[in-house]
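Each of the next two complexes has chain A plus one more chain, namely chain B in the first and chain C in the second.
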Partner chain A sequence: MAKKLKTAKRTAKVSSRAAMSVAKNAGNTAKQRVAAIASAPLAVIENDKDLQAMLAVLVNADEPIEVRLAALQALQAASFSVVSFESARGDYVAALRKAATDPNKELRQRVLGILMRDKDGFAQKKLLDGLKDPGKALVPPEKALQLLSYDVHADAYEAAREIVKKPPNVVAKREALRLLAADTKAAPLFEKVLRDKKELRANRQIAASALHSIDPDKFQQYARKIVLDKSDFDDIRATSLVALQQFGDDEALGKDKALLKSVKGFSGGKTQAKYKQTAKQFLSRYKP
Partner chain B sequence: MQHAAATHALPEPQFAALVDALAADPARRDELNGLLREDHSLYDQRGAATVVRMRGWVLLALARAGVSDAALIFVLEELESGLDPYLVAAAARALRSYPSPSETFAPFVMRALTNIRYRDEPISFESYGEYAVAATGTSPVRELLATLAWLGPHAAGVLDEVRLLRKQGSGLPAKFRVDIDRAIQAIRGPERSDPPAAPACCGAPATVVERTSSLPPNERCSCAPIASTLLQDHDGATITFKEFFTGQPTIVAFFYTRCDNPLKCSLTVTKLARVQASLQAQGLAERIHTAAITYDPGFDLPERLRIYGKDRGVRLGAHHRMLRAVEDDDALREYFKLGVNFIESLVNRHRIEVYILDTQGRVAVSFERIHWDEQEVVARAVEVLNEGVPTEQTGQMFPALSDS
Partner chain C sequence: MIVQLLINNNTTPATQFVSWAPAPCRIRMTNSAGAIPPAVSIRLSSASAPGGGAVGFRTGTTGPFTSTLILMVPTNGASVPFFTAGTVASSNFGDVRIEARAGATVVGSAPCMVRIRKNANTLKPPEKTRFIAAYAQLNNQGLGRFADFREMHRTGLALNQAHGAPGFLPWHRAYLLDLERELQAIDASVALPYWRFDQAAPNIFQLNFMGVSDNLGTVSFANNNPLQFWKTDGQTGVNRRPFFNTALAPPGLRTEAQTLALGTMYSQFRIMEGNPHGSAHSSFGGFISSTNTAPRDPLFFLLHCNVDRLWAKWQRLNSRFNSTVVNSFNNNMASPIGHRLADTMWPWNGVTGGTRPPNAPGGPLAPSPIVPAPGPSPRVQDMLDYHGVISAASNEGFDYDDVPL
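On to the complex of A and B.
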């Protein structure tokens, strides 16, 4: 048994080495190299030479982009083995920062994502600079906001508020609202978005959950109003209903005849099946 | 020249120039220490990453100008509980500019190595705000190993730990082998085969050993300015500062639930739970209250406070509460002179701080920056409890603390 295991390990090592050999060889086709990297993603941490070779591929703009992306993926997978990756971390971070300004948009975006998940100051500064000055932007504003939201301590609220005021596109506004959901001073903004029936439903959903997080009492007031409002969207009413059920005052809800009547109406008619179910659950809990 | 105190909203390049000017002027170097206080107006409304760049630059200026006794606590604080590679590297470099090495520094350096080794990354100290894009320069681990070498025989107490860093598998990566060997060589000394005994002559300065400050009763500030400040607890109940904090001593810790440094708020609240257990074991849980007050009252609503405390074993009840200021948060900050600053509604940097309030809600003892010892906090709280009580009576009322 032990012998078999030893043989299997040796075979795996040989195949990893072979895979790395194919991956590093620029004479092979991009497809072959990508397949080789994918076949042994953790091979990059088996020896320093392979690791350095993959880092070199990652930052080399002359290499085919698909090979560079495959190298990035392998390096990222290897970085999860924190202890084994310790010796490579410095080189990896340096390579990522270099690749963050690469001409290829997809690579930039992925690299900035990896860096921001580690709350990297370099990446944060680049993203903020890009939001303030679109000429310097490495990624579209909606992506920058999404990446900045990984770090609640990033200095991004002001930029996000500007985008809510003057959104370059609907996705950017949505991401700005998502980011501001951590800002306790943004409650009035979310009240406004939640009240505005002309606002996109996705944005109102974000506003509902943000308000629930930063000012639950205020949201409870709105939730009741929304549930009572037959003209509002089903998904918004259902979200509000769930919030009332989970965080509301049980005694008061049980006595709220107008609310129960409205929920009863919501549980039938043209309401979508999944929302009818939400309403029925509510009624089974509070119906006298 | 612009005075360091009037630097609110100073653009970063000008801030860097100011720091450089202060470091270059022997008559003004002490002003650098003030720039390391978290509550300095300069850090108001800056993002956390900006604060890192700014504080790092001040630490590097200290590394050039020389770390004084007054600045030493900031350097050791960063080594002990810092997790940002740039700041830890800058602190390690700054420590080497202290006039003389001391054995008390060695545990701080080792702790920093343990905290930062899996976060090691290339660092550039070349110019303000620069981030390394090549791994050829320095790094926090490299700076810390250089600091161990600087400590030389004064690090004899941690020599075995340094040797373990050389061990294959669990030690530091091979690329640091030369730095580790240099540190070991310096600690052992050039001609010795055995580690020398730790030098007994070079005690650390008072600022290192003295992690607390106490005020005698006649020098304490009245809590009148915040007596009516309204607080809300983990259950949503409201109470004024005077109602909760007078009539008995209270151990107060500050924290916030969104703190992303596990060596700060999470650890502080966990240790507060151990303080409570100690009070309970000694029959003092009713006589000495505890409180954890959030820096972030807008976000830390009662439910978050309760869950955060429970998750860390905090005993919650009428005498032991997790609190948020419902109003007048600024007055609370001013009363305790809290080491904290904000970007919009969010904390951008804070220190570790625990206080013991006397029976009138006045600050009697402060534990700031360096990690506090739970038993010491309890012992000091008992001293505050016993203030004014005759010794014989004290012995009867509060039996001596056990070692356990």
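On to the complex of A and C.
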């Protein structure tokens, strides 16, 4: 143990200055530079020169992409030291906005995500523009919808509704449904998706969660119906059962003989083993 | 003859929990039929279910714990004090019992639990199930108490209370403890597990636990996982995009040994706020990777539990529990408010305005039915001696599976 600690101490003591020196030197291999950046993320905010150098790497399309992504990751790690990072934040946001239109898709996605988590208006506009006009899209529609959900407003809802109607792919529809889960006017849509046994089960699961969020009482009624419906899928019945158990009215559930009988049936027979367990837990809680 | 055992000097269900720290207990005779006055020799021992916890005993405030203890218990009903402490962690409530025997006859018994924070990757299925059920209930579709925990960690003045200065570790210790106590108010058998991010932890990133991310970073949960109803900031679900193979550990993070070797002074150790802490956060895209949204991911508290565990390990390694010892904390008077030993911490102190945030979500720190520490409005210095090494009264009632007393 003592030897292990001694070795570790030596490794840990590699100075952040040395790490930055390796990271900035384009003569080193990309692998060496990535390792140096990762070893000391706070080094990027220890002095302004190093910070500016890392920001320059981030926005420079001629740098190897793995080094640019490592610089982004280190800057993002350093941003958790909020007090020290505060003076750098303006330059960081400016660099992120610049990188948002970078030719590299992975970098674009990552920086747009960071910007949107801080509700950045520039990024929001770019994403909405891309949904309305695919020629301007910086990321695929499903990614744009996911990122827009960080700060939803009417324009995003409208775009999401259009995608639910005419989805370019199944993932885009799923993300549109997830975004609409925050829209109180979307209850009828989620009722429809939840009832539709031909709908993708992943979407029905989202609809269950969304409806429960928008109109919990209505969802509890649906959940009961679904659990009673032996012809519905095991997984959707399990989702409904979990919702009843977690968020339902304990007293009413304990008195609901039809429900308890149905759950008893669900706990045996051809039900998948993992859901049998869920049903048994329910019964152990509510058995008379 | 019947004796009553009072764990934590109590018999209410929420108090029948111990950690590695000594818990004050009492034994008294409630029915002396057949007993010969003035006192009867009673032998205490720990009875464990297979794979269950175990406890030890001692009579005073110092000395080793033993697997059995003989006490003379008065027949007149007067109680006799003793101490118990966990020696093996439990998985379920009641998987260990304290048994009292007069000769070979069991004359009293009390089920309890050695409640310890464990590695999330190796939690047993019932532990996982109870934890995620309590967590989902605390979130309660975005309407539960969890919303306060989310509000405590927002960009701006709120984050300045918690990050970038020496109070980073004490503040987050209080934050975790507050959350854990709220979880325990829902299910007393739950302890916060930790994500040991310097090791492979494939069992955490599963549908039945913290969920599985797709290429887009949308997290799926099993249909029987109540976290499928997770909601924060009005948005259902979790976004988390790992930049590493979740069957392995994220690359580039300081290992536990490297972190513990950062130095014996707090000012040296504290740079772990960058790597591994910040690096663990930025191993992902999605909620957890940005300061403003990080607590929206349920994984956040498992990540921070490991950060706190590393601090606990470092404290033990270097004997850094005493806040009056210079190297236990970097008590720099130039540090921002909330980051000096004697400062109270926001939001639990309820102080708002000025350099403190404009509101204080959540109110005082949740009380424990077992221990009084750290109190409703903890100071930075109150978070150092978390399991009562310097003063038994400082025990905050939590421990880690691999950080003994």
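In this text, the second predicted complex is superposed on the first by the 263 of 288 C-alpha atoms of A that agree within 3 Å, B and C clash if a C-alpha of one lies under 4 Å from a C-alpha of the other, contacts with A are read in each partner's own complex, and residues count from 1 in each chain.
We adopt the following convention: a contact is a pair of C-beta atoms (placed from the backbone, for glycine too) under 8 Å apart; a residue touches a chain by one contact, two chains touch by 3 or more.
These numbers come from a predicted model, not from an experiment.
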Quick check on the chain A-based superposition: chain B and chain C, clash or fit? fit
What is the contact status of A:25 with respect to chain B (first) and chain C (second): first, second, both, or neither? neither
First (chain B), second (chain C), both or neither touched by A:94: first
Looking at the overlay, does A:210 come into contact with chain B only (first), chain C only (second), both, or neither? second
Does the superposition put A:221 against chain B (first), chain C (second), both, or neither? neither
When the two structures are overlaid on chain A, which partner does A:152 contact: first (chain B), second (chain C), both, or neither? both
More chain A residues in contact - chain B or chain C: C
Please indicate which partner A:125 is in contact with in the superposed arrangement: first for chain B, second for chain C, both, or neither. first
Which holds for A:83: it touches chain B only (first), chain C only (second), both, or neither? both
Nearest Cα pair across chain B and chain C, whole Å: 5
If I apply the document's touch criterion, which positions on chain A are contacted by chain B in one structure and by chain C in the other? 82-83, 152, 182, 216
Using the touch rule from the top, collect the residues of chain A that touch chain B in their complex. 82-83, 86-87, 89-91, 93-94, 97-98, 119, 121-122, 124-125, 128, 151-158, 182-185, 214, 216
List the residues on chain A that touch chain C in their complex, please. 4-9, 11-12, 34-35, 38-42, 73-74, 76-85, 109-110, 113-114, 117-118, 142-143, 146, 149-150, 152, 171, 174-175, 178, 181-182, 202, 205-206, 208-210, 212-213, 216, 234-236, 238-239, 241-243, 245-247, 274-275, 277-278, 281
Touching chain A in the complex, chain C uses residues 129, 133, 136-137, 140-142, 155, 159-160, 163-165, 208, 214, 216-218, 220, 222-226, 228-229, 231, 234-237, 239, 241, 243, 251-252, 254-255, 257-262, 271, 273-275, 277-279, 281-283, 285-287, 289-293, 336
Given the complex with chain A, which residues does chain B contribute to the contact? 46-50, 52-53, 86, 117-122, 129, 131-135, 139, 172-175, 258, 260, 296, 298-299, 301, 303, 343-348
